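Below, chain A partners chain B and then partners chain C, in two separate complexes.
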Partner chain A sequence: MKNAFCLGMGVFITLVFLLFPSWIFEAGYYETEFSNEMYNENLYLVVAVITAAVAWGGAALFYYVVNSVSFSRWYHWLLTLGVASVLTTVACYAYPNSVFSELGYDFSSQLVGFCLIDFLAAVALFVVASFAMRWWSSNCRHTPIPE
Partner chain B sequence: MRLFLFLVGGTGSRVMRPLIMQFAAGIHPIDEGGQPQPLEVIPIIVDPHKANEDLKRTENLLRWYRSIRKALYGERPDVTKGFFSVKMSTLSDILPAGSPLSDTFLFNLGTVESKKFQDFISYNTLDTANQALCSMMFSNDQLQTKMDIGFVGSPNIGSVALNQFKDSEEFKQFSNVFQKTDRIFIVSSIFGGTGAAGYPIIVKNIRNAASNAAINNRGDLRDAKIGALTVLPYFNVQQDENSPISRADFISKTKSALFYYHDNLTGLRQGGVDLPLSKINACYYLGDEVPSTPYFNDPGGNGQRNDAHVVEYVGALSVIDFLCIPDDQLVTRGGNALNPIYKEYGLANDKQTLTLNDFGVGTRQMVNKSMAKFFLAYQYITNQFGKDVGRGYTQDKPEITRGFLSTSFYNTLTADFFVAYRTWLRELSGNQRSFQPFNLLTSQMADAINGVAPKKGFFSGEVNYKTLLSALNKGSQAAAKAGRFQMNETAFRFFSLLDEALDGLVEEKYNGLV
Partner chain C sequence: MKHIAYAALLALTLTVASCGNGPRKELNKLLLELADADQTIDGNDWQKIAHFLDRNKPHFKEFYDHGQIDVDDVEDYISDFFEHRRPSKHIAFQGIGAKQPTFHIYVERSGSMAPYDSKDGDGSFRAAIMALQNNLPGTATIDSVGEKGYTNFQQIFDQILNRTNEDQVSILVTDLIYSVKDMQGVNPQRVFSEIEGMTNAVFKSEVKNKSMLVVRMMGSYNGPYYSYDNSVKPFAGRRPYYIIIVASNTNMVRLTHDATLRTFADMERMRGYDNMCLMTANDIYKPYYSLLLSNRDVRGRFRPERGQDTQIRSLTGVEPDRNSGDIQLALAVDLSHLLIDQRYLTDVSNYEVKADDDVRIKEIRKIEKADMTPAEKKYLGTATHIFVLQAASIGHGQEVEIKLLNRMPQWIGAASTDNDLTPDANTTFGLKYLLGGIYDSYNRNADDHYYFELELVLDR
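This part shows the complex of A and B:
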């Protein structure tokens, strides 16, 4: 029951993130010209999808694909979180940057600030995904903290 | 099923050691349908030599076993699976509250233990003719023997002194609790004093229970299902001119006793005719012509501590074999066993160094898997468990915390029982024949079992503690989901999971064991 509730909460939080990405990102980082272009090019949604996909994918990889007693300590989980968040941040810098370049804009300095916020969002979503899905993992269900 | 197990003399205590290890490994008698049966064993050590080191070691093991078993399963008698699942009780445990017996596995032989033999028979008060008769039957040394060191290889003393068995409080209480469905097994050697004399006396008093007005359940006792292991010479002692014990006498003593048994016990002879009857339902004979490493020749004064031997290990299997015999093959009428069973034992490979694979198929099927599981459990708990506390399955409820490592259960298991287990294995390995089922020099699971290489998985590689931890995690997850364990069952949970995980692992990886 508790496990299903956690999964439900995780899915709900992720859906909120995917449904209202501009509100969430703009609450963290707002610069009029940059934010308008992000909104107009629908990049907030793309970035949110990438962030959520990598967070849930990374967590699933840790809990169900690797699912190893050799890789089940809290620092292994932290390493996975770090790698997933950095990957997300790199992707969320590279993709909008390429779109803006095609349009002839240079928002590279704004993108760095935005990516800091996206990094935090990636960390938060990885934690949410972990606590939503870890209960059914045979070897890692107590990582990063006991059930 | 309940078994009263009489362990007579030094060999009785020595055979009990491997039997305790086999029960600790979770070995149970199997019924005709192949299902393990619940078992309660009441070991009764009959030996006046209380300072015997072998006896003390066995008694300690029994106490530790009982305490571990109680922590795991409480007083439940119906457990059929798992380490330490066979219940072990003292006679006093199974008596109603307020029993007059002390809580011990030792049979109290009363005055026998504190007297010289000549005082026991009141030699000095006999008239001259009877003194002369006694002097013909007993040597001066035997008359002077102080019986607190046993009967020092003299069954003629034992057969007199142990006759007070039937009048003892223990025997009366035993008769009070004995039921028709219970079984009796007697372990003794034939080439010494206490065992050779004690075995026929115990059988005689049980079979003649009908004429003993002082006891209860006389009919049930008279027709009880009785099995017995008679251990023939198998060990060697150092030659010592001052000792009454000599290996040269072993064979002649054995032959004399066998003749006596043949006419009075294991075969019955009346009017010069052999009858197809026996006082014993199942007789097991066991010995080895290969002499052991010579033991220190100690008639008893310094404690008598002999190294464990493979013959004792095989002897312990006879107890389990006896319990597997169906009731309809152990019929007794009027105190005589009908169609008695006689068994000997042969190795599959006659080698000087034995492993688990050198026993016959029957033995391998009965014990190898359980013995291997228990050794792997010993290895895991000794080398890895402490590092695993705080991760994986230990964090499921009821949680195994570091505090578990200082419980009296864990201390008894690791500081007492496991130390004795390793000592036993080391002694078996160092004796002749050498029995080396496990590799005591490794801490790795992959090369723990001598003569059996575990299968390697294509992806998983060789078996190791991580393989076991993973299996424990899976088992614990399923158990938590099913809500199998109560909050106060930490030790039971740990041992159940370990048993089940090793079950799967041994089945999958060590299939060369059987």
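This part shows the complex of A and C:
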């Protein structure tokens, strides 16, 4: 029952993140012109989808694909979290930057500030995803905190 | 695992949906190029959009009905696109899908019109008519209207107002001197009553759909002048005559917004131009406007509300200046492309300001070079003037509405005489009764008693 509740909460939090990405990101970072263009080009949603997908994908990889006893310590989990979050941040810089370049805008410095917030969001979502799905992993369900 | 698979599927779907559809992105880019700055899609813009859609027909099947572009669907798409952007914009459509309007020039042929075109004159009258005709796209026919001995304005105005259809623009050149068949020994008061009767009979509900522009011109006049009692006096000098343009409300706006018609509509540049008055029953104009964040006229502290881009219309944290103790805001407004005289536009008394606090317009001035700083250029947009708004303080969040009132201009009263037994260079017999009567008809049928409205939000 507890496990199902955790999974439900994880899905709920992720859906809220996907449904209201502009509110969440703008609460962390707002600069009028940059934020307006992020909104107008629908980039908040794209960034939110990338962030959520990598977080859930990374967690799934750790708990169900790797799922190894020799890779089940907390620092293994932390390494996976770090790699997933950095990957997300790089992707969430590169894609909006390419869109803005196409439009002739230079928002590179604003994107750095925005990516810091996105990095925090990626970390938070990886934690959420981990606590939502770890319970059914045969070898890693005690990672990062024992049950 | 099932949930994870669903979440991944959702993520993939959303990503594909937001990344794909190149032609749609190209269309959106085109729309931004055409309408983001002036918030208007005119005939030329429409041609570009139609051409783009035609080249990419397979990608935009929803915009086609039996092989033809569905104008309403495309308009809806454009409106939605701009309304859901930041900042949200309302797009005006002018002459979309419709044919180019046809133009008819009517010249009144009463005896008192001939001296304007006298061989002893300076030719300004003929030059003005030729300019009207030449500046129009395509060919415009010139017809004579009225009778030689008198002017039946009931018939003339009925022709140009009530029998002008949606796609037509009628232009009447006249001296606007009202006369009836038998003027011998007539009392001027009777003429004025007849004018009132005529305006009431002709200018009815149709004025809701059609606007009328009265342009006062000055031209040389050499010849006999017929006074109200039919007595004739020779007159040599300059006399006023009038160019009256009647068009649907949409076409009246199109005259100054459509690039192919702008030369024609630039009345103030015409030789002999003196003044003008636009009669309309609606707020037909939607000019560009934005508050400036810094300007020599700005006093006090404030910051723009979030979510605004190049048009700042909402301020928060508005506080008085510490030195002067008051607040001054600089509002950049585009006063070009309006068929309203510059003197009327820049007269502060023609504006009404509605706000909870005592906000008023201190000054309206043209934008100068010093106003065009790199940081402010994006807010200036197409603006031509700066409205300096002043207030002692802003007590609470409030809407500020600034309206350019649709008033009968003072020049009409000043250019009117009740007695033309001695003709002069400035006045027209019974003008205030004729134009006043027409203005009253518009006023009675008006939905809005202003030409345009500027809406701001100020919060402390």
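Worth pointing out:
By definition in this document, the second predicted complex is superposed on the first by the 147 of 147 C-alpha atoms of A that agree within 3 Å, B and C clash if a C-alpha of one lies under 4 Å from a C-alpha of the other, contacts with A are read in each partner's own complex, and residues count from 1 in each chain.
FYI, contacts are C-beta pairs under 8 Å (C-beta built on N, C-alpha and C of every residue); 3 or more make two chains touch, one makes a residue touch a chain.
This is a predicted model, so every value here is computed, not measured.
Under the clash rule set out above, the superposition-derived model of chain A with chain B and chain C shows the two partners fitting side by side. By the touch criterion stated above, A:Arg73 is placed in contact with chain B alone, chain C being left untouched. Legend: residue contacts after superposition of the two complexes on their common chain; A:Asn40 is shown touching chain C, with no touch to chain B.
In the superposition on chain A, contact is made by A:Ala52 with chain C only, not with chain B.
After overlaying the two complexes on the shared chain, residue contacts for A:Thr32 are found with chain C alone; chain B is out of touch. In the superposed pair of complexes, A:Leu87 makes contact with neither chain B nor chain C. If you count the residues of chain A touched by chain B and by chain C, you find the higher number for C.
This overlay, made by fitting chain A, leaves chain B and chain C with a least C-alpha separation of 17 Å.
Comparing the two interfaces of chain A, the one with chain B and the one with chain C have no residue in common.
Chain A meets chain C in the complex at residues 7, 11, 14, 18, 26, 30, 32-33, 35-36, 39-40, 42, 45-46, 49-50, 52-53, 56-57, 60, 64, 103, 133, 136. Residues of chain B that touch chain A in their complex: 391-392, 395-396, 399, 466, 469-470, 473-474, 477. Within the complex, the chain C residues that touch chain A are 1, 3-4, 7-8, 10-12, 14-15, 18-19, 29, 85-87, 304, 306-309. Those residues of chain A whose C-beta lies close enough to touch chain B in the complex are 68-70, 72-73, 138-139, 141-142, 146-147.
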